[in-house]
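Down below are the structures I want you to see.
The two complexes that follow have chain A in common; it is paired with chain B in the first and with chain C in the second.
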Partner chain A sequence: MSDAAPRMMALPVGSIGHKSFGWWGMMTVIMTEASLFAYLLFAYFYFLVHYGHGWIAEKPGLALAAPNTAILLLSSLFVWWAESCAARDRRGAQAVGLAIGVVLGVIFLAIQILEWREKPFTIASTSYGSSYFITTGFHMAHVVVGVLMLAAVLLWSLLGYFDSRRRAPISIAAVYWHFVDLVWLAIFFTFYLTPYIG
Partner chain B sequence: MRKLTSLLCASACLLTPGVAQAHVALGPEQHHTPYAALPLLLLALAYARGQRRNALWPRIGFLLGIFLTWLATLSPVAAFSERLFSTHMAQHLVLMLICAPLLVAAQTTKAAARALAPALERTPLRRLVALADLPLTPVVIWLAFTCLFVIWHLPGLYAAALRDETVHALEHASFFLSAYAFWSVVMAPQSRRTLGYGARLFFIVSAALISGLPGALIALSSRPLYAIDPQAAARLGLTPLEDQQLAGLVMWIPGGFAYIAAALALLLAWLRQSESLARRRQRGDGRALFAVALLSLTLAACGETAPQIRGAQANPVTGGDPRKGAEAIAAIGCGACHTIPGVNGAVGLVGPPLDRMGRRIYIAGLLRNTPENMEAWLQDPQKIVPGGVMPDMGISAEQSRDISAYLYTLR
Partner chain C sequence: MAVADIDRSPKLQPQNEPTALRLAGLWAGEGGLRGWLSSVDHKEYGKRYIITAFVFLALGGVEALVMRLQLAGPNKTLLTPEQYNQLFSMHGLTMIFLYAQPVLSGFSVFLFPLILGTRDMAFPRLNAFSYWIYLLSGLFIYAGFLIGYGPNDGWFNYAPYALKPYNPGPNMDFYALGMILFGVSSTAGATNFVVTFLRARAPGMSINRAPILAWGTVTASFGILFSVPAVSLAFFMLWTDRQFGTHFFDPAGRGQPLLWQHLFWIFAHPWVYVVALPAMGIVSDALPIFCRRPLVGYTVVVLASVATMVMGFGVWLHHMFATGIPFLALSFFSAASFVITVPSAVAVFAWIATIWTGRPVLSTAFLFFAGFIVMFVIGGVSGVMTAAAPSDQQLTDTYFVVAHIHYVLIGINVLAVMGGLYVWFPKMTGRLLDERLGRWNFWTVFIGFNLAFLPMHWTGLAGMPRRIYTYPQGLGWSAVNLVTTIGAFILAFGVLLLFVNIWISRRRGVVAGPDPWGGPTLEWAVSSPPPPYDFAVIPAVASRHPLWEDALQEAAGKSSLTRGMALDDGKEMLVTTALDAEPVAIQKMPDDSLAPLLTAIAATALAVAALRHAWIAAGLVTLVLLAVLFFWLWPRRALGQVAERKHV
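And now, the complex of A and B:
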């Protein structure tokens, strides 16, 4: 880490670049949350290998989930763009990218709630229902946290708290957001695609 | 990473047909055509041409890797193994966890790229290689390796691979290439651009955890998930479910051992590295100490600051006894006018203080501080500074030797 210490005249206030303590803290959060989702998905597959495809109460439709996946991926792209703009001191683009990320995250949540309403089963009716609602519910909770993080970072961006050197919070929120997207890809693949692949 | 990408592409051009064609060549009669091993042979030739270092071990590793690849994909053993689910799983593991790291350790891509570079320069393949300059960061390679491993074990895709030889070839090629990239990250020489040992350990252990999950599922399943040839299983006295459980266990336990072995090897390398670093640092410390000693010796020789040495020289010159000198100082009463450390009552403020006399440059403001001058001054100060404050105290030559011996101990 010493080689990363920048040569500055004045003492820095807060972290510089993105490899701050907060960044490493986020990495450990991601590790624990990744383990959580790995075991939730393992539980799904465990039920599946025992009960077979008849266990799936209703093959999930892709009409809402596929566009929703695209929306989440797009939001990741915008957040990534915002982060790279922050590194180049383009404040306006940075705020716009974060704002679009927040909006797309909220749209994802809305569509996800729509999809939940359409399900003929509940969290308590079958083990499939439990698995589905717990896994997607945990993911939605993570999306909510991610949206709040992005909103906070957006607010701070608008207040001019960041520049090209001091932008660790943006990177921390962004890496969490990418992680949430990646988890969604795994959930989407598991719940929505594997029933069709077999 | 750019370099790794082009190397991977070069190796893919060579190796993939070798691994993949094995299955295309395996028709319904389950025996391969003679030319199926040709790509492997070509790779061996390219390696022989490109391998520059005269090291023995990489060559042995390469030959072993090629032989095991042949054994796992082309040999009669392979043809037999694919009828049983468990042996088929073992075949995949050999390909991913033994052949790939062996070929990585033998620096196959480097050698092959060196042999092929002139040819590649002249063909449109060069553009292909440039096009395929993907951002192959360790994260991407990790994701590709674990995702491919998990996805191909979905029963539907596995069945598709068994039905269609092209899909099967794709399966094996993707297994092999992702494994090759995976082990390239793990075994890359340490540098600023590659992962450190800690990150590599995490890279391996996390992949091992994920790769264990499908194996656990397959082993724990209570019903057959895969289309298993019941006759082939029965020939070994296994039911299809037992064959499947065995396959899951093979994937879970021996597969896990390969990762653990790699992690332990990395730990060992890490410990060695830190040990040699520590040793170097220690040697550096020793060198620094030596330098300080040398410096002080040099300073001493210059006569600037080395009272110890001066004192040592003073004694033979004065030939006096410091203890007697101290007694003489007390008896004569020098302390009435001088402040002299170590002598009782010597706190006079008339003359200059004599503390650190061994380090002072001048005596009486005009004589260089040498033993001879000191003795002369002590015996006959009025001759040197007539009318000065320092009176003649009737000090004998012997007393002056003892007194100056004492004064030179004050540093």
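And now, the complex of A and C:
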């Protein structure tokens, strides 16, 4: 671009979707949080390489974790649906979608706590227990933050703050929620499925 | 304020008095203590960062001088071993975390909007928060030191010595929790730099026209985003190992002490470039001003910065050559460490070529930058010596490594910062630093530094171990150590001269115009100090050197600095595209607020509660933290974050 004169065009004012600073800011947050989980999984595999499969006392059961994974994925679908409803000014459906997202997130947390209670080991038993509880604990903390975000945009939706044009906060909360779900898939694969492989 | 229209064509108007007055009314914060605490002006925080970092530099320097007195001769008993441990730990972490990175953040926070041709950082309140939490994290760690519980395991803090059985006091907990707070600060800052760089450059400033300081800072910021989680996590694991009996680093519960070193160096090696690349950016942007020509090889220098950061993530194991890692890993990481010297050498050759083909003006700033190049080369050569695994086996844990790190960090960071201060002090204060005092400043620093650290290579080769509080007579180390101590005091005197120069010149220095050096980049187009709104009209940029276009004839089009978008319907900034900087939106910017300070205080209170195991207080503080954040992020019509009109 060699001509300096700025082209005069109609520019949108304020936070508009992916043009807003906020959306880009959330992308950087996701980058750094994704790194955090990469390091948590690094620690898990580091121990696994050193101690082999004998490190894991018994293979983790999937009875709770598998349906819980489905619940979290389902919540992502509802949040995605809410976001697309917001884009089409379907404000009732938008609020319902966000509310279902919040409820499914809370159910995930409850089942996760149940699962924690059922474990025969504790955080202080061995490095496997430490790794398991700290990694899933970090993920739960992120779910809590995500639920709070969804609850906040739900409240603001109910107050009539957003419409099809001004809905950057919904997109920002939604993309964080999808990220939290994606991280769970990585954790689920690492902690629950890899012990069954090989 | 009336709700802005959804769409509008921005007014294109020349810089004139009424616009400037209206903008000053919009952007100037209120005065008084409340205004000081709630300000979100990037220029204010840039200066606060630099001043705070210099205070920590002085503290770290005093700690070093006390250690040098202890080491001036054999068998000295000025310090006990425990005091010595705390001093070298505090010295290291102060210089590396509380000085080296924040001081560069200070430069970048002050300069970013000015060199990019915009009005503030993308997230002004987050910017304020980054500063406050940095300050509080530093005070938190120093509070531990003051009550006798300073970290005592070096800044690298190796397990298992950092674990509870060997280190029962709260020393490590202060370090662990303080570093988690510090990680929040650097991450928030990095987020801000990345988004500002990608989305807020002046129209026409495509990424191949952005100043190299901006490139260095944004590259380092990506480094922070990817590396800081490793150390925050490591410190969190250390804290749970110590307080809740987890077994990450404790072999008794099938933990691995070496996991600490992996997580720590995965962070700390990239950190070397985090505290170097913005400083190299300072030199790449400021050195050409004094050579009266553009930097040689802009593109390769930028690519070298990015390449250095990327490779920086692949060489952490070279800090662990002596830990008995497998031969293949040893070979790979040794080779990678050799390769990483290539991009650094590219930058060095670019600077030398710039001086060689320019007409250098031998000002104080130029002296600092020339000194920087010399020390960078020496530090690089000793780095290559330690990158070779066989020689590293011999040199590791000796003073040779201490000499290397100081050549690299003082050479790249401190000299560049001091030179940069001589260049941009007039922009910050409106007055020039004194040149005569400046020359004394440079030569005492340069001579003192080399007197202190060049002989250290020799003590290291002679086998003197680091981190040991004293040494016996008759090993041939005594005279060299005395010289080192004398050099350290001369260096300290040189730094003191800089402080004196700042103190005197901020009131009585020569008044600087907008452009005392004849610089090429946008910050020199505004007054010194700049007005609260930085630019009266958003400049449009047509080349890398908007202010040198008449001399260089870089492009057919010309930059337009006096006629542009006024954006004066409230506090507004322009959002542009990431690659070509085409305008895409107008962003409304937030007003002053106490929320950043309150959030930082709440986060620090949470760390204090965790330290004391006061879990009820921790829960209450968390609720306060969430409430403050909730209202901080409350969408506001004035910011164009919510629907234009209510649906009925």
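We take it that the second predicted complex is superposed on the first by the 182 of 198 C-alpha atoms of A that agree within 3 Å, B and C clash if a C-alpha of one lies under 4 Å from a C-alpha of the other, contacts with A are read in each partner's own complex, and residues count from 1 in each chain.
Following the convention adopted for this analysis, a contact is a pair of C-beta atoms (placed from the backbone, for glycine too) under 8 Å apart; a residue touches a chain by one contact, two chains touch by 3 or more.
It should be emphasised that the depicted structure is a prediction, and the values quoted were computed from it without experimental measurement.
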Chain B versus chain C as contact partner of A:161, first or second or both or neither: second
Touched partner set for A:50, first chain B, second chain C, both or neither: both
First (chain B), second (chain C), both or neither touched by A:197: first
Which superposed partner A:177 touches (first chain B, second chain C, both, neither): neither
Which of chain B and chain C A:134 touches, first, second, both or neither: second
Chain A residues touched - chain C or chain B, whichever exceeds: C
Partner chain(s) touched by A:81 [first = chain B, second = chain C, both, neither]: neither
Touched partner set for A:29, first chain B, second chain C, both or neither: second
Set of chain A residues, in rising order, touched by both chain B and chain C: 38, 42, 46, 50
For the chain A and chain C complex, residues of the former touching the latter: 1-16, 19-21, 24-25, 28-29, 31-33, 35-36, 38-40, 42-43, 46-47, 50-51, 55, 89, 91, 123-131, 133-134, 148, 152, 156, 160-163, 165-166, 168-169
Interfacial residue positions of chain C with respect to chain A in the complex: 4-10, 12, 122-123, 126, 187, 190-191, 194-195, 198-200, 203-204, 206, 224-230, 232-233, 236-237, 240-241, 244-248, 253-256, 259, 262-263, 266, 538, 540-542, 555-560, 564-565, 572, 574-575, 580-588, 626, 630, 633-635, 639-644, 646-647
Complex contacts: residues of chain A adjacent to chain B: 38, 42, 45-46, 49-50, 52, 189, 194, 197-198
Residues of chain B touching chain A in the complex: 151, 154-157, 159, 209-210, 213, 216-218, 220-223, 225
